[in-house]
Structures are given as structure tokens and as C-alpha cells.
Amino acid sequence: MLIFKENTVLYADNDKEIQGVEMEKCETKIGFITVSDRASRGEYEDLGGPAMQAWMAQALKSNWTAVASVIADEQALIEQTLIEMADVEGCSLIVTTGGTGPAKRDVTPEATAEVCDKILDGFAEQMRSVSLQYVPTAILSRQIAGTRGSTLIINLPGKPSAIGECLEAVFPAVPYCIDLIEGAYLETNDAFIKAFRPKHAIKTS
Amino acid sequence: MLIFKENTVLYADNDKEIQGVEMEKCETKIGFITVSDRASRGEYEDLGGPAMQAWMAQALKSNWTAVASVIADEQALIEQTLIEMADVEGCSLIVTTGGTGPAKRDVTPEATAEVCDKILDGFAEQMRSVSLQYVPTAILSRQIAGTRGSTLIINLPGKPSAIGECLEAVFPAVPYCIDLIEGAYLETNDAFIKAFRPKHAIKTS
Amino acid sequence: MLIFKENTVLYADNDKEIQGVEMEKCETKIGFITVSDRASRGEYEDLGGPAMQAWMAQALKSNWTAVASVIADEQALIEQTLIEMADVEGCSLIVTTGGTGPAKRDVTPEATAEVCDKILDGFAEQMRSVSLQYVPTAILSRQIAGTRGSTLIINLPGKPSAIGECLEAVFPAVPYCIDLIEGAYLETNDAFIKAFRPKHAIKTS
């Protein structure tokens, strides 16, 4: 038996085989990667990671567990973390914060492009378009989104306040996107943010 | 002598040499590719192909002939069909429908990028921007446009209703684009859709 | 001692060492490249280059010197000119005009992409978006922007009137972008165009 409680999976200790099978079905994992030299060295409190998790906790009605990591702005390390969260952890969604600007150390989009099968330019366009309502420097963001197998990866800005603006702009399309790549079926708290699915794609319980 | 009637070229049987020369000048070909595993196997009626042709028949005042194909979501096959329509058939414009989403079998943009000399990002941006007025999942579309020699290739969505929305959004720029790559001179039915050309590029008869 | 007068650096002839050091600190160079077969052969007056310089003279309060070049639509030549202006001249900003359309000879974006470390898609999107308010053929522009080391490179349209429209659309983000790549600190004439910088990035004298 599996008991979900506030985004934490509690395991019952009997019948491991069945439990394994149910896990396969029920557990939705979401990856959160903070890319920041200073935060990874502890010189700086990671605000972006918690901001992404807090937003997701409000947005999702489905149960999910968080896989989180705070790493330096090193392309190889970002790629490795994305691959691990996608291929080993089986995250349906990975969001990153930081490293999307034009500075030399900003390499999150490069790492993301490298590990993705398909790039979805519409996410980047829509996030920049919304951010432009706040600051003209939104055009400097190189954040992208793409898919790796059944995982959707989305780069978010480093600034915590901008994280919510960007997620709000693209999240209505996220659950259906994950359906199409055969990831988990995500349900949203419609009062906070409402996922859009074509009628034929809506599961009724 | 050449007689055009409802987008069909009828050949007069005398003076083949002159006819050949006029053909060269007069015949405008437009390619229509439906990319769909199910439609190509006959499990599904192709609605996208006819929708694209019906739209074009309303939009163009110039005479043209259609070259149409319904093929599976196979990248090599899509590339081969695009190359044939561009290089052998000499189409000035090729429109595709289907295969632009994030799913594994969706490879139309990959095939298009592979055969194009130049990608015109403005088409994709504008089509997504207009589609976003209808559904938030418009950001999932990876449709692109580009040129191969004197042929303009435009990916359109699979959904018939979205085909018209996208064509309406970009078609005013299509005839001048084809002028610039030295394809056919297309004239539009201005009551339906009006092509924009800088003054110096307008031919008067 | 250095005397700046109307964007021209006048050198005092004493104390060359100090002068060299101050030069290093004070001199901001901006590159202007006109890409046009006809202008480079003298068959056509270069209007784009002067239009870009005139705009910049109105926009910038900081002192700067212009490095200008009129060249043919040859990819290798454009690349070489960009590299020289960036790496040898040390320009913090290079703007180009011409060669961004879909025609066969239009290769400015290809050359720019080739020499840049990072592409900033937001510039292209924003310029096309603004140009679309004027002409539907704005979607045909393939202009891009990117960074090479501490140099920001921006492609502008060939048409002089469109140059101002595009610069106006993106310039508020340009000075902060150049800060981030460790180029010169540019100050704008706020009555003409106002640079946006986050508070922590504003230098007070």
C-alpha cells in the first residue's frame, strides 16, 4: 500500500513486489535544479529552488515528489544532473533556475539543448514575451525548453519573482505536453492555474 | 497555346516548343504534404491536405497546380518528398500539415530544417503567436518555415481549423518572400487575403 | 590628457604612457558594418551605415568612437570584419545593416551566428515583433543578435527607416547586456532612449 502525504511518499513495508508496481504507476517526480556558482558553494542562500517548489505545490493537485539539486554553472555538471533526473529518477518535469543570461558563466541553455531530443521554441518566446511586460532586459534571457524522452525540461530565470511570472505564462500547456511525450498525467489546482487539454485528452476518474 | 481552367493546366497539342517555353513561365506549382501515420495507412481520412488546398484556392488569383502527397511520420520520407517537390516538381511553395508537436513520432520540423538552406524564424513566431489567441497549447507547436533554393516551405499544424488561422497570419508575406528567392510571382484574391509587396516589387500587367 | 569632442578622440601629445592607460579605460568603440554588394562597389550610396551612426549619436551620452566598414554580401568577409572589430578593435557593440532577408545573397545572420559564442533570440523576436506593426513582411527578416567575448553584435535591417524602429525596440536592454559580458559601461541620453539596469548595476559618478 502506498500512502501519499503532502508530496512525500511513505512506503508500507509489506508486499514489496506490488508496491513496486504501484510506485511505477503512481509516483510523479519533478526535478528542481538551481544553477548558481555562489549558491552551490554556500555563499548565497538558494532562493530560486524553494520558489520553484513552492509554486509547484500550489499549482499541482496530483501527488508528486521533489528531486532537488543545487549545482555550479558548469555545463557538463548541468547536463549530467539533467540526464540523471530524466533517465534515472524518471522525472516527468524538470525546471531549472539560473544561468540563462548572456554572461560567460551562463550555460544552462547550452546544457539543456545538448541533452534534449526536441526544443520547443514556443516556451522561450512566451516566457520572454511575458517578462517583457516587467523589464525590457527580458530579451537578454536565453531560457529554453525541450524534451528528453518522456521528460519536459524548462529553464526559468534566476530571479525568484520572475520564476512565477514565467511558470504562469507556460504552465497551462505543460500537462498536455507531458501527456504527449508519455510522462505522468498531471492535474492542476484550477483556482491557481488551469491546465488546458483537448477534450479527448482529459481523463475522468 | 495554354488554357488554364480551375487550377488545371490543359495543353494544346500544336507547337510543342513554344508550349514548353510558356509552361516554364506560366506554371506555378504548389506542394501539399500531409504527414500522418494513420492517414498514410488509410485508417484516417486526410482532412489537412484538402483544407490546405481549399484555403489556397481561395487565396490565390494566379493560376497554379497542386502536387499532393500523404505520407507517414518518417523523417527520411518527409525529406525525400520535400526535395522532390522542390527540386524535381519545381514547386514555389510547399505547405505541410502534421507532425509538428512534441511527441516522439513528430519529426516534420526536423525534416524541414534538414532540407532548407535558410530558416525564417519569423513565420514560426507569428503562427504560434496567433494560435495562442485560441489555445495555450500553441506553444507546443514546433512548426518552422524555410527556403530551399527557389522554394518556400511552411509547416502548418495538423488540426484543419488551425491551418487557416496560421496561413492567414503569415500569407501576406509569402508572395514577396517567393519573389526574393526567385520563385513564381503569386497574386492574391485581395478580398480574401492581401499580399504585401514593397512598391518596387509590384508587377503591373 | 584625453579630450573627447563629438565622438572623436583627440590625443594630447604628452605623457603617452598615462594616455595609453586612460585610453584603455575611456575609449568605447562601436562598430558599424554595412553589408551590401552594391554599396560596396560604389553603385549605391550607403544610407544604412550613416543612419545607424546618427541614431547612436542621439542615443549615447557616453563618449565613443565609430569603426565603420562597407562590405559585400560575402559570408567569409562579414565574419572576418566582425572578428576584427570585436577582437582587434575591441568594440563593445557592433551593429550591421543589410543581408538579413531570405534571398540567396543574404548571409549576414549566418556570418553572425558563426562568430558568436551565444545567440540572444530575444533580440530577433522583439525586433520582428515591432517591425510587424509596420509591414507584414517583417517575418521575412532573419536578423539575429549574439555575443562574442565582450562584444554584443546586433543585425539590423537594410532599410534606413527600419533601423531606428529596431534599435528603439531593443536598445533599452543593450547597456546592461554589455555590462554582463564585461564590455564598456554605456550611458544613454534618457530623453531619447532610456537604458534599463537593475539597481545594483547602476554606477553613480
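Note that the chains take the letters A, B and C in the order they are written out, and that residue 1 is the start of every chain.
Going forward, contacts are C-beta pairs under 8 Å (C-beta built on N, C-alpha and C of every residue); 3 or more make two chains touch, one makes a residue touch a chain.
Computed from a prediction, not measured in an experiment: that's the story for all the values here.
> Would you mind reporting the rotation angle for the C-alpha fit of chain A onto chain C, rounded to the nearest 5 degrees?
Nearest-5 rotation angle for the superposition: 120 degrees.
> Same or different: do the copies chain A and chain B touch each other through matching residue numbers, with over half of them shared?
Different, since most residue numbers here occur in only one copy.
> Which whole number of Å gives the spacing of the CA centres of chain A and chain B?
Averaging C-alpha atoms per chain gives centres 36 Å apart.
> Hunt down the residues of chain B that sit against at least two other chains at once, touch-wise.
In chain B, 121, 125 touch at least two other chains.
> Note which residues of chain B are touching chain A in the complex, please.
My answer: residues 101-104, 106, 121, 124-125, 128-129, 132, 135-142.
> Give the list of chain C residues in touch with chain A in this complex.
My answer: residues 117-123, 125-126, 147, 152, 170, 172-173, 176-177, 180-182, 196-198.
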